[in-house]
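Below, each structure is written out as structure tokens.
The same subunit A turns up in both complexes below, where it pairs with subunit B and then with subunit C.
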Partner chain A sequence: MMIAAGTTKGLPVRKPWLTRLADASEPYLYSAPSLILIVAVMLVPLVIGISYAFRDIQLLNPFSGGFIGIEHFRALSQDAAFYGALKNTLWWTGASVLLQFFFGLILALLLDKPFWGRGLVQALVFLPWAVPSFLAGLNWAWLFNPVIGPIPHWLFGLGVMSQPGNILSDPQYAMWGPIVANVWWGIPFFAITLLAALQAIPRDLYEAASIDGANWFQRFCSITLPFLAPTIAITVLLRTVWISNFADLIVVMTGGGPADRTQIVASYIFTQAFKALDFGYASAIALVLLVLLLAYSMFIILLRQTLLNKD
Partner chain B sequence: MKQSLLLIVAHRLAILCYIVLALFPLFWLLKVSVTPNDLLYSEGVRMWPSRATFAHYSFVLRHSAFPTFFKNSLIVSGSTAVLVTGCASLSGYALSRFSFRAKYWIVALMLLTQMFPLVMLVAPIFKILSPLGLTNSLTGLVVVYTAFNVPFATFLMQSFFDGIPKELEEAAMIDGATKFTAFRQIILPLTLPGIAATLGFVFTAAWSELLFALMLINGNNAATFPVGLLTFVSKFSVDFGQMMAAGVLALIPAALFFLLIQRYLVQGLTAGAVKG
Partner chain C sequence: MASIEIEKLEKSYGHVSVLHGIDLDIRDGEFVVLVGPSGCGKSTLLRMIAGLEDVSRGEIRIAGNRVNDLHPKDRDIAMVFQSYALYPHMNVAGNMSYSLRLRKATKEKIGAAVAGAAAKLGLEPLLERRPKALSGGQRQRVAMGRAIVRQPKAFLFDEPLSNLDARLREQMRAEIKKMHADLKATSIYVTHDQIEAMTLADRIVAMHGGVVQQVGSPLELYDRPANLFVAGFIGSPGMNFLDVTYRGGALRLKDGSRVADSPPVAVQEGSDLTLGIRPEHLTITTDSGGISAEVELVEPTGFGIIVHLTLHGMPVKVFTLDRQALATGGEIKVSFPVQHIHLFNNEGSRIG
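And now, the complex of A and B:
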């Protein structure tokens, strides 16, 4: 097509250089607004943030700003709150991802076959996805509140709790509050993604299998799961990274308390930057988190390569 | 025959459980927001108060700063959605229709922005925006949110453009249209559903954003809904009825946009999950 535009009488004619320049720069012109924004608002601050990790930056202290080398990291290695946050991050991410995936998969399987009213059911069960995260957090914090919420009274009625108390202020179980809210909020994401993958499985495979006498479970194991596996792998990987960075629910519901029992690394970074206004230390923690996430992603990619090579 | 009937009943019951689980928290929000204060504590776990009132709503709308928060959030989310969709339809078109040398790097850069923790940027962005006078301003928030949402929206728009056959614009160009005219007059109108979906996604994302709004905004004048609601909660934490009325108000625009884009969710999130 480009040749057709530059051809007269069947012979290739070199276009004037200005036109060629315009043609070559066209895709760059289309991408320019997006790229400028990303570089200016994400890439540059990322680099600056990394440099902060090695400087003493406190917003309220005009004498700060000097280069202090790895001082922050030395402090970090002795920060018990940081190790607690690391442990809580594992717990928070693992429980949230597993439960979201499990309930999301079941929902996707339930919605896979057409039935009367499926469109309406989909709109209703996916609605939590549209609830703003701060509102989901507040909403669940209120449900757990014995003054106005029903959950403590139900748990008391079932004999799980000795008295209707607030789970969010109980150091031992507080983490379950944000996890439950996160699972409620995240089931639709997994269900939608897995449903899209389910719908892409050719239907005649199932027919062939049932003609051959395979029962439901056999069909699930030998058709559905292998087809879903790539989607499951990539969704779980991305979701793990995303949830370990997702501090909104914790900031809203517990603020990291009681006694730092629900503080994850992401909310710890935010607390250091927002409450303590210690930008240097916050950036140092953020850098450690970034390295850990990169290591995790590399590990998953390597694992995938090894598994693929084995087959 | 009997077994399949049993299966159908079990299936419908399971679906019902999911619906109840999904809707119950929102129902409770609504219930407390219409419960008069004198019944709130005496009728704690009743499913519906014996007397309903809209007093909390009228108080929130008349005597609190929530209308301002609502307006601010609407301005921020609306401008972000329009700007992002504009930028993303251009860059999505470039990724879908051109093959050029830097394409690989652009995609890699956009993927990178989806991987690192955004909370890392809280401090540096505050430091950069502060001397520019963009902290405590809606413009600053719009700029930040626009940049954050452009990568995902680009992949989304790219997947919509990929769905439109190339022959359409080639035909137009043979008829003498430039590539940009073909893009504007032929491709864009065909992507209108995709554009609507992108607008909805970005609007919802900007409407929900909390951490950067908390960091960049202080004071009521430029507060968005999340900031306003959280301030309200920490100040007047006993006015549950009013808080929940405000919560219901915050839910309305998000729910409306959800209904608008719900049909494209499967397509959109698949594009997002596969590419970013």
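And now, the complex of A and C:
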């Protein structure tokens, strides 16, 4: 491709400037199509979205659109609904991730043991993951509905509820509805990833430990957990970010109600943008959520680095 | 330390039978090597003694107590695995002390046991390292250290040297032998390497197809193999076998040519037998009593020379220390010293 510059009378001859320009720009020209595509579909919307946060954009107001600086953020700092949503997000994310992880781990441990029909059970266990979240939300909303769903009647029969009412309309317990649906929907993710990690543990380690005198629990603590730790860290981090962003189930099941008791930040953004049609304000909230999640991820990555460096 | 008795032990997976009635008495302090080709059931037998496999039928007794239904941890045995099976998240000291910590031994006792084992195996400078920072030979030592800190009733070794290179294997073999001379612990050692079996064992148990073929001291197996399998398995290069017929006090090939005088055996005239002779016992000769053979290939090993021959259409190997053999080619003569001839009948059992 490159042609060595020839010499005349011992002096180097410079190539014409057009050739030099072509040579220099060649790598950029090759990568240009994909770079342009990435900028067009990723950076442009991101920048526009962020710019909304600093502009007054209301769909129903034709005179809106002007730059207003940090006015949205000032309003946000005094928005009680936002603080409620922030608290609900913590609750929703924490409970969902913890329960999904806990049940996912138990399921993975059970599926790691060989038994008759394991292949079929594995396939069935992973089924919820394949259900669209929208359908899962509708399904669970119906299950919790005392008119058509069985769950309130079962809970009443067990004496947990004083009457077969709809948990989704109970301000005290409404959040448990989407959390239960989310746990059902998200267990397979943990089960799949943890099962894969479990199956990578050499079997003779367990044999050596049982000869050394370890019982089931001691083997779990000194072999299984250390082996699973990296997988647990990365899956919990991922799920935390996804779930705190995951408004589908809440929007479908409760719409944030009753009285904003199930409103999380992500569903609050959805409500502001598509119910109140205030895109500017919604963008400002989204920006805050983005910063919070970035901070969380950085924290986890730093934590991981320090833990890894300790060895 | 303890004796181990195995009685009519059988193992089957579903309809597939792997071990067929194994009987074996291992004395207190004895070093027994189970040897055989892969799939002969030697590892299964060891794992059954360890309690890692269930017993289908029969009985295992350690120190006189039936252990069939005991968990591995209650049998008071230690095992060294082929893969070493070191706990990757613990350092060397942690690996060696794990069993003692589980037994809630005191700090002083654990410290003394680990220090003692580390000194014996030369592991002192490595105690703080993780297994991944160790070489293969060092890992092997840690695995042995983990076994000896507990002073168990018996040591079980499952092909512990297979993952090491040849030089290191030689060195570790000697160390294991020294360690056994030192500790006098009952040991069962599984290997497919007959050199390891010969060098380490007080007694060798040769296994094939889930059946014990012969039990005896290394030289017994070498000098008087009980059957064709043991004869062929022990020794390297392997024993030569020729189909012969007993006629008139001599052994003759199928084409009638006389190979050698027969050792004194009680067989009928005209019986078909298998003659076995080790390559190191065949001699290249010039006298007229020898039988002529064609040289196919000459392999120098440094120590000696292996000459591959074709003797009346049958392959035969000769191992000789005489460097003159390097120059051989074409037709030579070999003789079969009668005192070194092994004879086996149609069923493959030794008759003389």
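A few notes on this one:
Throughout what follows, the second predicted complex is superposed on the first by the 266 of 311 C-alpha atoms of A that agree within 3 Å, B and C clash if a C-alpha of one lies under 4 Å from a C-alpha of the other, contacts with A are read in each partner's own complex, and residues count from 1 in each chain.
Operating definition for what follows: a residue touches a chain if its C-beta (ideal position, glycine included) is under 8 Å from a C-beta of that chain, and two chains touch if they have at least 3 such contacts.
Keep in mind that this is a model prediction, so the values were computed, not measured.
Aligning the two structures on subunit A places subunit B and subunit C next to each other without any clash. Once the two complexes are overlaid on the shared chain, A:I223 sits against subunit C while remaining clear of subunit B.
In the superposition on chain A, A:P202 makes contact with subunit C only, not with subunit B. Legend: residue contacts after superposition of the two complexes on their common chain; A:A80 is shown touching neither subunit B nor subunit C.
In the overlay built on the shared chain, the residue A:V160 is in contact with neither subunit B nor subunit C.
When subunit B and subunit C are set side by side, the one touching more residues of subunit A is B. Of the two partner chains placed by superposition, A:L18 touches none, neither subunit B nor subunit C.
Shared-chain residue A:N215: touches subunit C; no touch with subunit B. Remark: least CA distance from subunit B to subunit C after fitting both complexes onto chain A is 7 Å. Judged by the document's definition of touching, no subunit A residue lies at the interface with subunit B and also at the interface with subunit C.
Chain contact summary for the complex, subunit A toward subunit C: residues 202, 204-205, 207-215, 218, 222-223, 226-227, 311. Residues of subunit A that touch subunit B in their complex: 1, 4-5, 24, 26-28, 30-31, 33-35, 37-38, 40-46, 48-49, 52, 57, 59, 106-107, 110-111, 115, 121-136, 138-140, 142-143, 147-150, 153-154, 184, 187-189, 192-193, 195-197, 199, 231, 234-235, 238, 241, 245, 247-248, 251-252, 266, 269-270, 273-274, 279, 282-283, 286-287, 289-290, 293, 297. Put simply, subunit B touches subunit A in their complex at residues 11, 14-15, 18-19, 21-23, 25-26, 28-29, 32, 40-41, 44-45, 86-88, 90-91, 93-95, 98, 100, 102-103, 106, 109-110, 113-128, 143-144, 146-148, 150-151, 154, 170, 173-174, 179, 204, 207-208, 210-211, 214-215, 225-226, 229-230, 233, 240, 243-244, 247, 250-251, 254-255, 257-259, 262, 265-267, 269-270, 273-274.
Against subunit A, the residues of subunit C that register as touching in their complex are 50-52, 71-73, 77-79, 81, 83, 85-90, 98-99, 102-103, 130, 146, 150.
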